[in-house]
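A, B and C are the chain letters, set down in written order, and residue numbers restart from 1 in every chain.
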Amino acid sequence: MKILVAVKPTFDIGQLKFEKDGTPLLDACPVSLGEADRCALEEAMRIKERLGATVAAATVGSSEAHYKAIRDSYAMGADEGYLVKADDPWKLDALSVASAIARVAAATGPYDLVLTGSGAGDTHASVIGPMIAGILGIPLIAGVDRLEVRGPGVVAGTCKLEDGSYTYEARTPAVVTVTSEANAPRIPNLRAILRSKGMQIREMSAEELGVDLRRLEPLSVRKYEIKRKRIIYKAEDQKGAAEASAELLAALRSEGVLS
Amino acid sequence: MRVLAYADNRSWAAQLASAADALGGDAAVFVPGRELADDAAKLYSEVFFSGLGPFEPVSYSAAFSEAARSFKPDLALLPCTNKGRSIAGLYSSAAGIRSATDVISLSARAGDSSITVRRLVYGGRAEAEFLMSAPAAICVVQGSYPERGPRGGPGQVHEVPAPDPASSVDFKPKRREGAQPEEAEVVVVAGRGIRSKEDLELVKGLARALGGAWSVTRPLAADQAGPTPGWGSPGWS
Amino acid sequence: MDFLLSEDERRFQESVSEFAKRHIEPRWIEIDEKGRIPLELIKSMGDQGLFAIPVPDKYGGMGGTVLMAALAIEEIAYHDPAVAVAVYALLNNGWPLALSLFGSEAAKQEILPKVASGDAFFGIGSTEPQGGSDVAGTRTVARRSGNKWVVNGEKTYISGVREIQELPAGGGFFLVSKAESAEYGHRNMVDFALLPKWNGKMRDGWKPTVYDDIGRHGLSTGGFKLEDFEVEDDLRIGDVGKGFYLLMEGFNIARVLVAAATIGSARWALDRGAEWLRSRRLFQGRPLASFEGISFRFSELYAELEAAKYFVYRAAWMIDKTYLENPPRFKPKDLNVPVSLAKMKGPETATRIYEEVLKWLGAYGYTKESAVYRGWLGTFSYTIGAEGTQNIMRYIIARDVIGSEYVSHTG
């Protein structure tokens, strides 16, 4: 089996600080392989250990953090690593990233599975996986917390969505996105870390892949402050209280606070 | 701006209707079933539907794309949910158009076909403002737009043939345990005095015995999310 | 001079921090309260490669450095402020390295892989009832008898006495004794890898007792009598007559790891202190941090902790350049002062930090619920002076810096 895992270094948003004017201090924010991407790598490793597979990791971006993301993938047990060079990778638009990954898959495949985390902690939330499936024209199972290989060429994934649990069975090749609840990713030991240092990372350019990398420049990025709505529900008596509660409940529901 | 919305329930249909209003122009909606189509027709002048089975992203987005081929929207508006994002990703890659998720507001710029989009980034800690040109696919955060009420006569309903699902689906609906606090007559609430998981089980048991719901006060809700002594985790508060 | 850790050192540090957060942090209080480190935790630490870090690959070690071991111990201690798990780990890093440097090939092949995997314990057996600091006064005697040695004596305040009995393979100690006669002096000593339990079997002649410590309960402290305990000659560590000197080299390695444990625990305490100073409000809503009597004291302690930390890293770096590089940059005696500085500063800084943080917490700090006292008692054992007393550290620095002809009071 051949598995490609698309990985991305993400900002540790728990440690993100802001200037007084609301500008995020990104340079000072630690960056590491996202939790969901690590779960995707872990699923790949489990399949490799149980059934035998070659696992490749791929990322789009030329920052130091992107190279480290591939080295960290090696430390978890990946066999091959591909890095699509791109300056200023944080501004790349999702479709460009997905196209680049799809081209890497076409150039270095064929792959039975393309895995990725179901949502980067910072941006591009949850669309890269579906876009890769759309470009490659293959089935998509999005948001799995359980993945199994049911037989040659057949995989099944269970997803907990808003209204219940969905188990999808698809023929490979397929794209599967993995949630951060799927497993506890292995922590590489020192030997694996030292070994990963010496492994080659295959760099690829957008030109050689035939992909156009486009960037989206924001007009502004600033701290998000939730504005207090300051709506008061008043009641003078029991009847009024019942009415006010009903109104409040309806408002909370329409805000998505209650489901 | 011509807007085609995707909605799989009445609330989303109503929210995206007011989002479309904010942009001005014609709006239509795609829904995955006949029943919802009749409801949606009270909100939109044009409704597309397909007789689809339980949610499967590839077939749902193919049906949505079919509706888009017919309606030719400048913008697709979808819910920012797991399902919505899957459809947005598949649709935008098929159509070769840009997408934006976690969008909290949209406004059309007078005179050209671009829109100003505000979206949440960095896990919701920051907001980014972008200029996007149509066509594009946008996933809107729940509650960013109010639910608009019915308007005008019933809209035109068109059926779109249902594509085959790309994967087989086994769906188990969510089963709600016990009564919901907002509906129950009795609510047993645990406060700061509850120090351990075992004691919390007593609260749940009492709620069950009374046929009511159980809940916790805010400090306990915060504690459940993080480590505190007595909850089997270390640390101190 | 590059003060930053290398990328591998940082990645390793992060991996240990993540392991400790997942597996040790949720249990450190229970470990201290119940007085036991669960055997599956020890095994999973072995699986993760947290023992025998600086021991070469060919003996089952991780092929890392003492600096990496110090980073690992510091991270473990941050998530186990009572330091039982951190000390268990440091003993099983420092003394296996000493065995790897000075022991026989047969002993290394036999013992080190099992220590690295977490199946066996290897610590230090030096202190005796009549004294710990005065190693030349050791009374345990080993007498040669054909292909083995027969050892008689008594050791006290030894870590791991209970754990050896419970671990599947067992384990033992880097044991220091006199050769043939108990005459006072430095030149008639010999070291052994003494294994009271090995491959699941108890050996005859080892009579242990376990003590009841006031803190760091998770790791046992005890003593044992040796009554005609037999040790094969290939478990002898180094030449006869070299025992004192090799032991001192081993202590230099272990002491820097002890200092690493105390600063990890102290960092936890200072972080909790900072959180408290931000959130505790008094005198009409002022955070405690806004009172300079408090925040200035915080700054002083922060400075001491940083200084102690760099003493540790520098000493560990020098140990690596002495034993793990060829040709060595330093001689073993060059390590005495840097290591003693680290071992002097680390525990004492931890004790000062804990005292101050407890004062900030006030009555809440005096309750068991706050848990901060566990770190205070745990690290205090090193201020009292385990693995080398604080006064011996002062003695070593004075002797080497002022000059031994003026300072020395040993013959």
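By definition in this document, contacts are C-beta pairs under 8 Å (C-beta built on N, C-alpha and C of every residue); 3 or more make two chains touch, one makes a residue touch a chain.
On a predicted model such as this, the values are computed, not experimentally measured, just so you know.
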item	value
Centre-most chain, if every chain is reduced to its averaged C-alpha atoms	A
Chain whose mean Cα position lies farthest from chain B	C
Chain centre separation (chain A, chain B; CA means) in Å	19
Separation of chain A from chain C, taking each centre as the mean of its C-alpha atoms, in whole Å	41
Chain centre separation in whole Å, for chain C relative to chain B (CA means)	55
List of chain C residues in touch with chain A within their complex	7-8, 11-12, 14-15, 18-19, 22, 48-49, 53, 57, 62-64, 68
Interface residues, chain A side, partner chain B - complex	11, 13, 16, 18, 22, 24, 93-95, 98, 118, 121-135, 138-143, 159, 161-170, 174, 216, 218-224, 249, 253-258
Chain B residues touching chain A - in the complex, by the definition given at the top	11, 15, 54-58, 61, 81-83, 85-94, 96-99, 101-102, 116, 120-132, 142-143, 146-147, 166-174, 182
Touching residues (chain side chain A, partner chain C) in the complex	32, 68, 71-72, 75, 184, 187-191, 193-194, 197
